[in-house]
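There are two complexes below, and they share chain A, which is joined by chain B in the first and by chain C in the second.
And then the complex of A and B:
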């Protein structure tokens, strides 16, 4: 028996080995077949994403001479210590979180609302889609300057003029000169600029929901609100989760609106993380410190995306 | 047959002469050294006159060709540094004076001390604009353009409000402004365009304060001095009393828009406000109203610099010398630029541009911003500090004491 079992197990191990070799060679074959297709992307990603990423991490631990493109002496975690002791960093982080929180929620809410309205419109769907999508394709700089003028202080500011004329406010508001209102304007800008894109993605998701579900719900006596909560929302859940991740990453990386609308003011209180990195790198020319800021910013975004993914998977299960 | 032969020979000779000339011209052209020059001259008279100067230089120096490229000012500093790092910097550049400290400290610029006849040009340059080029015991440039701000009055508004005289002192200005201003009606006598050094320093200096020692090595004892604290308190009181518009803290309309639309009786601006703006009101210029520190203004302008990696430093230096000649300086002055050399100033005819006399007089009592590699950081930091004082969020004493220590670190 022992001999037989031994022979049998030997047989299995040989088979397993063969299978493994076969699998390996099959895997290798697949790689060889796929390589020509992925090689260009692989080279480009390595050159323009992975290499700069690694170089960025390296620079953050060294003094760096931009003119000679050379890392100088090793300074360890000095930049990171400076960063975590800097008040500016926490103000920028707070602003980035405020901007991300409100713009992501706003874009999701209004995007879904608009997609629903347009989806239910019997006529001119394309027209409404184009109108809603227009801010997305309009220049950030142009729109930022428009917002700056619309929300200008004093009685001559358009928003102030309107609010004063309908007696909603007794005195003109200095929108961009107070931290709260300035952040409000920035968030409003972010929502307005991006809502067209979320609308389009939601619209595509809504088109994929079978009409029969709604018809059955109507027969069962479900109201339009019930249909929205019981059918639409659960069926666009995956789209929402996708948008959540993409919009969060996008919001953290946005910086033109601050640069053009508030210029970081009042008193540098509306600067976001990306503006801090930009100013440190391209105004102070301190690439080493800017790299450390970028690493921390990257880690924050990575952690947020990771947590979101984890929650998504749990929800899917 | 003979005739034909003669004609043919003559024809050949003529041809060979023509072609020989052509070849020699081309060879000369090929042998010309090309230097790259970056500038930010404005379109119009300024650029036209400069192009004429370049043409004349090329005529007088047939072996040098100047490739002058107009660059947009926005983002230019980034472009210059990127170009230097990538080995594609120009040979010569007309550079904003506030970048000198940074560029020289980074090792992008060539020191001019050893250049032929440098001392002659140094002696002839106006001393204050020249001082913007002196960094760490070396001269890294020579001033090409200079300017300053002074008081520009809206005479129509003054007449309308029965203000019969132009205030010469800050006390007089304050008195008139109090009578004129009414913040509820958004009626302000004047404004300060922001809390950055360019707009704040003329007032701080004129009120007797300062932000650093004369050798720019420390801020303690200057930025936190009783005089500077008093100056900041006084400016803050103007804002709180509504004598100056909220433009100082970034409010709209900004100082330029308010002044050019004729909303302010007084604006503090440079010569461009007169040469480039067609205001709907009659203007008059005067020195900045004086205080305890006198009538002080700030120096702006551009310096001519050579880059360290220039392949043709000799030719580039020749071009610099030409641009600083009286001929070139006076040609540029026709477009409204203030010359930067003593000899050109003497020869300058201001009969058609009388306002230039006041600018030149104001230039005699001007100071420069800190020529430090960290000037941008200092400026950005002080913007916030000054704004907090003006808004009343911090006391001038506390804010300036803390700021002086911080600026000291940045000056190291």
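And then the complex of A and C:
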């Protein structure tokens, strides 16, 4: 009796072992199959993203010599303390949040609207797509210069000239010399430059929606508004989620527009987070402090994207 | 019927409004580039050119080795767009259609890496490029462009690959196809709209990339176009006519690419008829 039960249990452990080995080799097989596809990207990401990221965190805790590429003495949280006690950090953070909030919402709203209009238009689709995409293909440097020119103070700036000639304003506005209007111009720039891009992505997504769905809805008597809310919006949800993440990250990391349009002025009041990091690194040459700023900035963006994903997941359930 | 016509009319009205807002600054840029030379902003501002005069364009093309920089940009951008597309398609396929242990964890790492703007890591990136002897080489710049954009590109393409029903692949596998044939002969042709979109965006992004090109290309004759435009700005501080002429030249290749490939966005794209 004893022997039998012993043999039985042995049999089970053997079977389990065999299963485990099988499972392991199955996982290994899958890896072997997947590796050719993902290996190149894994190598490049580790080299140019992950490793620099870790190195950056390390630098933020040390005094750093850029010429010798050497971390000197350990200084702990000194950089972080300086950062959280500085006014410039909170001003930049505020500006980044304002810019991100308005440009992301604006781009999503107008981009989807535009993609829908183009998708529904029976003629001249190509024309409208090319024209509204013009701002996207023109470089940040050029468009920023253009905006600085258009919104220049005095009466010869294009916007002031237009507003004066239709008597909407009594005197020319100094757009870039006040914090409020300057931030307004920066947000306008972000939306104007980006709408074509969101349009293109949304348009590609709309192309993927089967026409039969709409035809069926029309037969059932759904209005165009209903069709939009019941068919289009749910089916472009993945695209919206993708855009939300990418646009948020992009807006937080943007810096050229501030550099070229307002130059951070007046008195550094319109600088955004990335401008702060950039100035610290490439104007003050304080790479250790810049690394700490970059780490905090990365953390903020990470938390933001995380919360966004959490909220959209909750909404699904 | 009447209501349908009305909706359509409103649609076109909206499109025309969008187009006007998009185009006016360019019109202004174009007519300013036609002026002789404007060191101050002209008053009243001109939306339409008063004369046709391409002197500034000739001046811009011949100044600062603009033509050579233009060719350099074409080389770098074609190279990196090709590279980025191949590698991103491969990894998007791996992360969407293949199963292997730790896949979601690894993809989470990709997403995480997306969240830190690469410019903030510029110091360590510089030291890596230096130790790999990739400074001053187009190949190095291409690798860097690929590395920093791969996470978001994989994410973008994966979203499209996930849309295809599994039955398509199963049918192909039953017919004796391997993963590779599924990828090349099924998924890629079906994703043409996504690939066209992706190609255009990648090309445009790299065409205007400024900071890395400035830092990692040292030899003057190897530099790219955005740097040339920036040089114009430095040299002719407020000669808006010349700056705008140079900028408009730089837009042309993107426009050609965009107009050529945008037709693929309309064709195909729906899965109508592939599965019932």
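One rule holds in what follows: the second predicted complex is superposed on the first by the 280 of 317 C-alpha atoms of A that agree within 3 Å, B and C clash if a C-alpha of one lies under 4 Å from a C-alpha of the other, contacts with A are read in each partner's own complex, and residues count from 1 in each chain.
Here, contacts are C-beta pairs under 8 Å (C-beta built on N, C-alpha and C of every residue); 3 or more make two chains touch, one makes a residue touch a chain.
Just so we're clear, the structure is a prediction, and the values are computed from it rather than from any experiment.
Q: Identify whether chain B and chain C fit side by side or clash on chain A in the overlaid structures.
A: Fit.
Q: In the overlaid three-chain picture, which partner chain does A:305 touch, first (chain B) or second (chain C), both, or neither?
A: second
Q: Which of the two partners, first being chain B and second being chain C, lies in contact with A:118: first, second, both, or neither?
A: In the superposition, A:118 contacts chain C only.
Q: Considering only touches as defined above, state whether A:217 meets chain B (first), chain C (second), both or neither.
A: It touches nothing on chain B or chain C.
Q: Between chain B and chain C, pick out the one touching the greater number of residues of chain A.
A: C
Q: Using the superposition on chain A described above, determine whether A:164 touches chain B (first), chain C (second), both, or neither.
A: Touch status of A:164: no partner.
Q: Check whether A:252 is in contact with chain B, with chain C, with both or with neither, and answer first, second, both or neither.
A: Second partner only, chain C.
Q: Between chain B (first) and chain C (second), which does A:66 come into contact with in this model arrangement: first, second, both, or neither?
A: Both partners, chain B and chain C.
Q: After superposition on the shared chain, which partner residues are touched by A:152: those of chain B (first), chain C (second), both, or neither?
A: both
Q: Considering only the touch criterion stated at the top, classify A:30 as touching first (chain B), second (chain C), both, or neither.
A: The answer is second: A:30 touches chain C but not chain B.
Q: Quick one: smallest Cα-Cα gap between chain B and chain C in the superposed arrangement, Å?
A: 5
Q: For chain A, which residues lie in the overlap of the chain B contacts and the chain C contacts?
A: Of chain A, residues 66, 69, 149, 152, 154-157 contact chain B in one complex and chain C in the other.
Q: For a test of understanding, state which residues of chain A touch chain C in their complex under the given definition.
A: The contact residues of chain A facing chain C are 27, 30-31, 33-34, 36-38, 40-42, 44-45, 47-53, 55-56, 59, 64, 66, 69, 110, 113-114, 117-118, 120-122, 125-126, 128-143, 145-147, 149-150, 152, 154-158, 161, 192, 195-197, 200-201, 203-204, 207-212, 224, 238-239, 242, 245-246, 249, 252-253, 255-256, 274, 277-278, 281, 287, 290-291, 294, 297-298, 301-302, 305.
Q: Inside the complex, what are the residues of chain B that reach chain A?
A: It is residues 78, 81, 84-85, 102, 106-108, 186, 246, 249-253, 374, 376-377, 380, 383-384, 387-388, 391, 393 of chain B that touch chain A.
Q: Give every residue of chain A touching chain B within the complex, in rising order.
A: Answer in residue numbers: 66-69, 148-149, 152-157, 174, 176-177, 262-263, 265-268, 279, 282-285.
Q: Where on chain C is chain A touching in the complex?
A: The touching residues are 7-8, 11-12, 14-15, 18-19, 21-23, 25-26, 28-29, 40-45, 87-88, 90-91, 93-95, 98-101, 103, 106, 109-125, 127-128, 143-144, 146-148, 150-152, 154-156, 159-160, 162-163, 179, 183, 193-194, 197, 200-201, 204, 207-208, 210, 226, 229-230, 233, 240, 243-244, 247, 250-251, 254-255, 258-259, 262-263, 265-266, 269-272.
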